[in-house]
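Below you'll find a set of structures to go through.
Consider the two complexes below, in which chain A is the common component and chain B and chain C are the respective partners.
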Partner chain A sequence: MSVHTPTADKPLPDFDIVSTYRSILAGDAELTMPVAAIEALVEAIAHSSVSTVAETLALLEHHTAVLKAEIANPISLSAGTDLFQRYLITTLNRPAALNLAPGDDFRAIRNHLLSNGRLFVDRAKQSREKIASFGKHFIRDGATVLTNGGSRVVGALLRRAAESSTMRFRVVYVLSGSESSDTIEGDQIVADLRAHNVPVATVPDSAVAYSLGEVDMVIVGAEGVVENGGIISRLGTYQMGLLAKSKGKPFYVVAESHKFVRLYPLSQFDLPIEQKVLEFRVADDTKGTASKPSEDEGFFDMHGAKPKCSGVNAHDAVDFTPPDLISGIITESGVLTPSAVSEELIKIWF
Partner chain B sequence: MAQGITQLAPGLISFLKSLKTTPADPSVEHLISLLKRRQIRNSRPCAIATTALMLRVVGEFKGRDAAKLVERIRQVGRRLTAAQPREVVVGNIVRRVLGLVREVLDDNTGDSHTGSDAGHNTPTHHDSMTRPTLSSSISTFSPLRHAAAEPMDASMTSEMSDSSEFNRRPPLLTSHTSYAPTTSAPLVNSLFGLFSQPDDSNASTPTGAASPDGKSAHSLNLERLADLSRSTNIDLKSEVMDGIRELQDELEQSDEQIAGVALEHIHSNEIILTHTASTTVQKFLLSAAKKRKFTVVHAETYPHDNTATHGILLTGRKRETRLDEDEDPWKPLTAAGIPVYVIPDSHVFAIMSRVNKVILATHTVLANGGLVAAAGAHMIAKAAKEHRTPVVVLSGVYKLSPVYPFDIDELIEYGDAGRVVPYEDGEFVDKVDVEHPLYDYVPADLVDLYITNLGGHAPSYLYRIVADHYHTEDITL
Partner chain C sequence: MSGPVEGEAAAPPAVTPQAPNDPAAPAKTDPKETKPADDGASKKPSGAELKKLKQLEKQAKRAQAKAIVPPATQQGGPPKENQKQREQKQSQKKDESRPLPIRRRPSQSNAVPQQQAKKESTRGQKNLGLFFGHLYSQPRQHSMVGASKDVHPAVLALGLQYSSYVICGSTARMVAMLLAFKAVIESYQTPVGTSLARHLTNHHLSPQIDYLRSCRPLSISMGNAIRWLKDLIIKIDPSTPEAEAKRDLVEEIDMFIRERVTAAQKLIRDQAATKILPGDVILTYASSSIVEQTLLQAHKAGVPFTVIVVDSKPLFEGKTLARKLANQGITVRYYLITGASHAVKDASKVFLGAHAMMSNGRLYSRVGTALVSMLARSHSLPVLVLCESVKFTEKVALDSIVGNEVAPASEILSEAERASLLPLEPHLPATHPSKNKAEDKHAADDAKSGPLDVIKWVEGSDNLHHLQVLYDVTPAEYINMVITEYGSLPPSSVPVVHRLSTNT
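Our next item is the complex of A and B:
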């Protein structure tokens, strides 16, 4: 892959964080974006010869900035990069707590990171299974579950519930017709569930309100869980939350805790990304923004479908579901109320 | 319930009396049979009986092996909860006692490891465990039907013990068993679980999430237990028993502590609506009545609690409780000069527009902020929501359970339908199905404030109090 970074003064011109990130993500379908970002940063440290704390942090900061600038929707991955940065800062600040001599603390941490990169990934994947084992208790015999998108955690949870043979439940799966990666993964989960003998109905976004009368609970995945306990998830989740609330159905979110991100959006339009969802036009400029030539060639995000930095297309767009619509967040460490999220984040940031 | 009036009838008093002379095992059987026959019912009697029994069980425990003590308590706890799964309080008390044992262990092992990892062990473990304990297993568990099907299959457990976040949590304060906010562990970082050290490498311990010697926290735990049993200077049993006595004090004092904040919540000339016969609520109102004049509207909670409600209004005592059961019968509200209106439950909505505040008693409070209370509570809360009337729930911390309400129907108990329509009315009973639910589940979003003996909390904060009072590993008994 070609190397391209917009910032001019790179301390390490030979390492391309973005392509590393993309290849990591492409290489493992099971990987989530935050973990891929962490992996890429570990790789970056491995390729560098940094030997001091300040250098490492500067390096990380640089790579994180590059990464965030290159990826169209960096919310999810920024959860990973932030977590990694905080982890380094806190551990480097407390060498005494780690049983390390003052001299070798940095090298020890570096070695730990480099030698255990694989482990982080495995843990992240395991946490999905853990969530599934907690979450399957939410699905009661005879229940009908509404879900959407291609969340692998939700898939794992439903599969786990299906594997416990005593449970008979039905799934209403909301699939948008578009060709996004979400839909493809959603199709896989649907096929998988049907193979497990779970009756699945697929409905378009527009049928959510219609189907809700038949539904006992809503379970959705999330790209990021924000500070106030709300979630950022694929477009359409917000309306599902609103509808579920209005019908009095419990609305559960499943997300690994490495998706907790330090954002505090108050409304849909506070998200730090550009989304091409609301585009007002008049007859004259129909091909104005739509066919805007991409300003760099050869750069596609992981779906290979759209040019970088030009905003997110409607079918890959996300929305923000405020915390008051969420009944509970199922993470690998238990079921949290939305207000517990801020506590978790405060713990690592302050 | 009816036979509770006679002196000889088995109940809390007779159980506590017999406990003085009977050894632990027969007492366990005794309590189980009382629970099964519903001769001890409702949260407070159940809590008192369980605590007393636990004191006995721990007192008779022989040996110094903490692991065996934990197992013994668990085993008793499992049988008690199985006897009456809907009295969630029984399980709560057992978990609190288990927590006490672990806490004593933590304290002592922390002290005994004075060497290289003493300073290391305690603090770092605390941060690794970190989690608001709602964590791990709240979800995995409900004492009712699915208690058996807990999710931690073998692979999960081993996995969890190596990341160790599930295994430890900050100790509760021994001295004030329910003074929650003690968990300000230094820099808690559960989100860092991802980075923690793997088992097999001894190189460094970046987060302290794994034990310093590379052993899994689980084995570490066992080792510490063994360690403890070797060290002779710790009197595990007496420390745990002290803790249980503090728990008993807490049970005794919780009503007074809750009543202590009454003046902050009840203002002059307010109209307060409450329901059912609850000692906690009556004491709360009485405490406010000493200084303020207000009006109480009491929904009588027909048919299962109306006699008790009438009794508590008339004499300050539930009618079916015996004189000696409550050592200090208090004066009824009316004697304090408070006008009390008794209304049937069906009038709640009509009168709600004039009510300033709803105060609910509770049977059990669940981890998600919902509560199980006497039937009718849901309707009252709904009516209050409709009129934007604040709903305040009074509950001792001992009623707060780490149970997550996966299946609400399981939590609701059904009582004697004969109290709705007497069985003599044969023609009616033949043709119509009569049901008599004793409890209601009130979802968290209908409650504005919980007042416990720790103070006032928003429903969304309850997870934190649960985390402070129960060890995760105890949530599944």
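Our next item is the complex of A and C:
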């Protein structure tokens, strides 16, 4: 709360959205990025002294922009901020819906917003458990499940399945050797599952095709579900999808519906973030040439990519899995086909 | 309709199988079939006795003609149909008597319009093999002859512009129609004893629409706009003063055009232009105004990209697009569809316009689009369709056969191509009707057969058909993205947006 954002025209309160966001995210291990973003925005409104609708929206827009600029991969985060913004606009434009008398001042509207905003966050947190209870029925007795990354929803689902005594299943867990937060999360899930007597095998990315013969289904998490029903997820998910499709294994995505993001990538290189995955170099050329879109995906460079504000290095890189590889998306509002995602998004936005 | 016509018909050898095309055709109609108007016409100058005489003459001639006509031409087509066709020809004949200035289609030569319509009616007699016979039900009209007297002059003019492709493209046709309807509404006066809401749609607007449909089948967007307009008119409170109601309607039409077309196109091109990245090679097929706007907008924004225009017979709409883009400084390559497989290799994205988007996510667009998108798919190029939501329809299409538009087949052969086929004339089979005719001509006035006769060769032959469909259906799997004013969608979301745009 120390950094004053110098804006020329509008005097905005000195509220550091980024550090708030980071502290919220760090404070609660169960929180996902979009929810943390929403919580930070609610906090921002609570700390401000806005008194009109226009001011509220301007404040929100400003904070959203700051947040998006500061975070390296704002795709998942923007799902939350967009959703919140949309929610605010619809409620602010229809004050009648809030059961407020026309005489009520803006303060009442604001209080309503704040309490509802918190409700929103609570609901989003609960959705993970709901998904787990939906999704566990997808795992049949005797099945072998392939998964990757450190998705907490997938972890919750597998744990829930493990707790039920009627199901025996095995898990093949793809873990990359790097020291990313994903891996730490993944290790945690693996340990938990093993504690629940679920046999787990951990394999590297390169062993996906090899182990697919033993696998009955693939379950993955997602950072964002995009408009065409594809997902943006940890690097390596796309190849898992391709391989699963080629072997005819069902490929399920587990994601809360607040991860639905209004984005429509056409290809891997059409994402609104800069990723340092493809870096072409020759000997004694220290400054790698800028990544150039190429058909060849298999090459990525692990070292030398300094973590910068813009640009995501290879550990945290994401890829885009197109909808035709996905069998179903398990959300808290039900199991959707990829094509239903766009319908859900349209419902939210119009 | 008297002396000289009769005289011409009296020359018996001239009454060949092509006789129905002959100006003497009405002379052969039954007295019962003869329209009262014709009776009146012959009555006026001559009187009752003269008329009787003529009828006798006619009957004699008819018997003669029947004896000459070989049975081959009578094949197919039940007698009832023949009768209908004769009636049509009759109206066409009237047309000849006072020729109208008509704008020509590119492939058309001077004398074509009347003949074309005739040909289309003879088409019905032929066994139209393949699957497309059902599309020939309504002959296309290229003149305003036979139009109902209620048809407004603005609509008459518009119809001719439709049939000659002067106004072409789904959106342009819809906008032009609405603008014409504005004039119709402005000059409309509710008759005594009825209300505007009840009279205008059924009795005044319907003839206009029927006439437009006879010039060229209505586009999906036109259908949507008509439905919207009718709905609007029906909902007018009968107590509203007429002047006010008319003013409201005109305003609503303006608003509709502004919201559903002008603003929608702006949103679409803004969004689509962001999909053009530096270094892209954009492939497009034929010509779509919204694709053109998008490309120009991206070019003005300074994005370096090139364009490949793939084009095809018979309208060659891509030529215009390529010229416009090139004039604006964009590097353009122009291919015909025969070279599409090469064009696709160099492209990085495909932008397509639409005639309509079906509810099962399929794209109904200029014939050839499906081919291009299939090639693009096989090269895993993203295919983007740019389409205003006013072109969405609740209809579904599984193939391009059930619903399509057939254009006059003669447009397939351009003037030059016809001329180049002329030297083949000696190879025509001796029994070929047009051959006989050509000989007759030689004998009669030593006329040389012109390019027009080539069409007749095809028309006259029993086992060669021209088929020119204007649209095809692209499966939803080949389409990656549909950009509308509601945002980018997968093709599967078309029905959702259609519902959204029609309910609100």
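By our rule, the second predicted complex is superposed on the first by the 302 of 350 C-alpha atoms of A that agree within 3 Å, B and C clash if a C-alpha of one lies under 4 Å from a C-alpha of the other, contacts with A are read in each partner's own complex, and residues count from 1 in each chain.
By our rule, a residue touches a chain if its C-beta (ideal position, glycine included) is under 8 Å from a C-beta of that chain, and two chains touch if they have at least 3 such contacts.
All figures in this text were calculated on a predicted structure; none of them were measured in a lab.
Trainee: Following superposition onto chain A, is the placement of chain B relative to chain C best described as a clash or a fit?
Mentor: fit
Trainee: When both complexes are superposed, which of chain B and chain C contacts more residues belonging to chain A?
Mentor: The partner with more contacted residues on chain A is B.
Trainee: Is A:17 contacted by the first partner chain B, the second partner chain C, both or neither?
Mentor: neither
Trainee: Check the residue A:227 against both partner chains and state whether it touches chain B (first), chain C (second), both, or neither.
Mentor: second
Trainee: Contacts for A:240 in the overlay, against chain B (first) and chain C (second): which applies, first, second, both or neither?
Mentor: neither
Trainee: Once chain A of both complexes is superposed, is A:343 in touch with chain B (first), chain C (second), both, or neither?
Mentor: Both partners.
Trainee: Between chain B (first) and chain C (second), which, if any, makes contact with A:266: first, second, both or neither?
Mentor: second
Trainee: For A:218, using the defined touch cut-off, is the partner it touches chain B, chain C, both, or neither? Pick first, second, both or neither.
Mentor: Once the two structures are laid over each other on A, A:218 reaches no partner at all.
Trainee: Thinking of the overlay built on chain A, is A:156 touched by chain B (first), by chain C (second), by both, or by neither?
Mentor: Neither partner.
Trainee: When the two complexes are placed on top of each other via chain A, what is the minimal CA separation of chain B and chain C in Å?
Mentor: Taking the overlay as described at the top, chain B lies 5 Å from chain C at its nearest C-alpha.
Trainee: Show which residues of chain A both chain B and chain C reach, each in its own complex.
Mentor: Touching chain B in the first complex and chain C in the second, residues 338-339, 343 of chain A appear in both lists.
Trainee: Please give the residue numbers of chain A that touch chain B in the complex, ascending.
Mentor: 35, 38, 83-84, 86-87, 90-91, 94, 97-100, 108-109, 111-113, 115-116, 119-120, 123-124, 126-127, 129-130, 133-138, 140, 164, 257-258, 260, 327-328, 330, 332-340, 343-345, 347-348
Trainee: Would you mind writing out the residues of chain C in touch with chain A in their complex?
Mentor: Chain C reaches chain A through residues 275, 349, 382, 384, 480-481, 486-490, 492-493, 496-497, 500.
Trainee: Going by the contact rule at the top, pick out the chain B residues touching chain A in the complex.
Mentor: 116-117, 120, 123-124, 130-142, 146, 149, 151-153, 156, 159-160, 163, 165-166, 187-195, 197-198, 201, 203-208, 212, 367-369, 404, 406-407, 458, 460-461, 463-464, 472
Trainee: Can you list the residues on chain A that touch chain C in the complex?
Mentor: So the residues of chain A in touch with chain C come to 227-229, 262, 264, 266-267, 270, 323, 338-339, 342-343, 346, 349-350.
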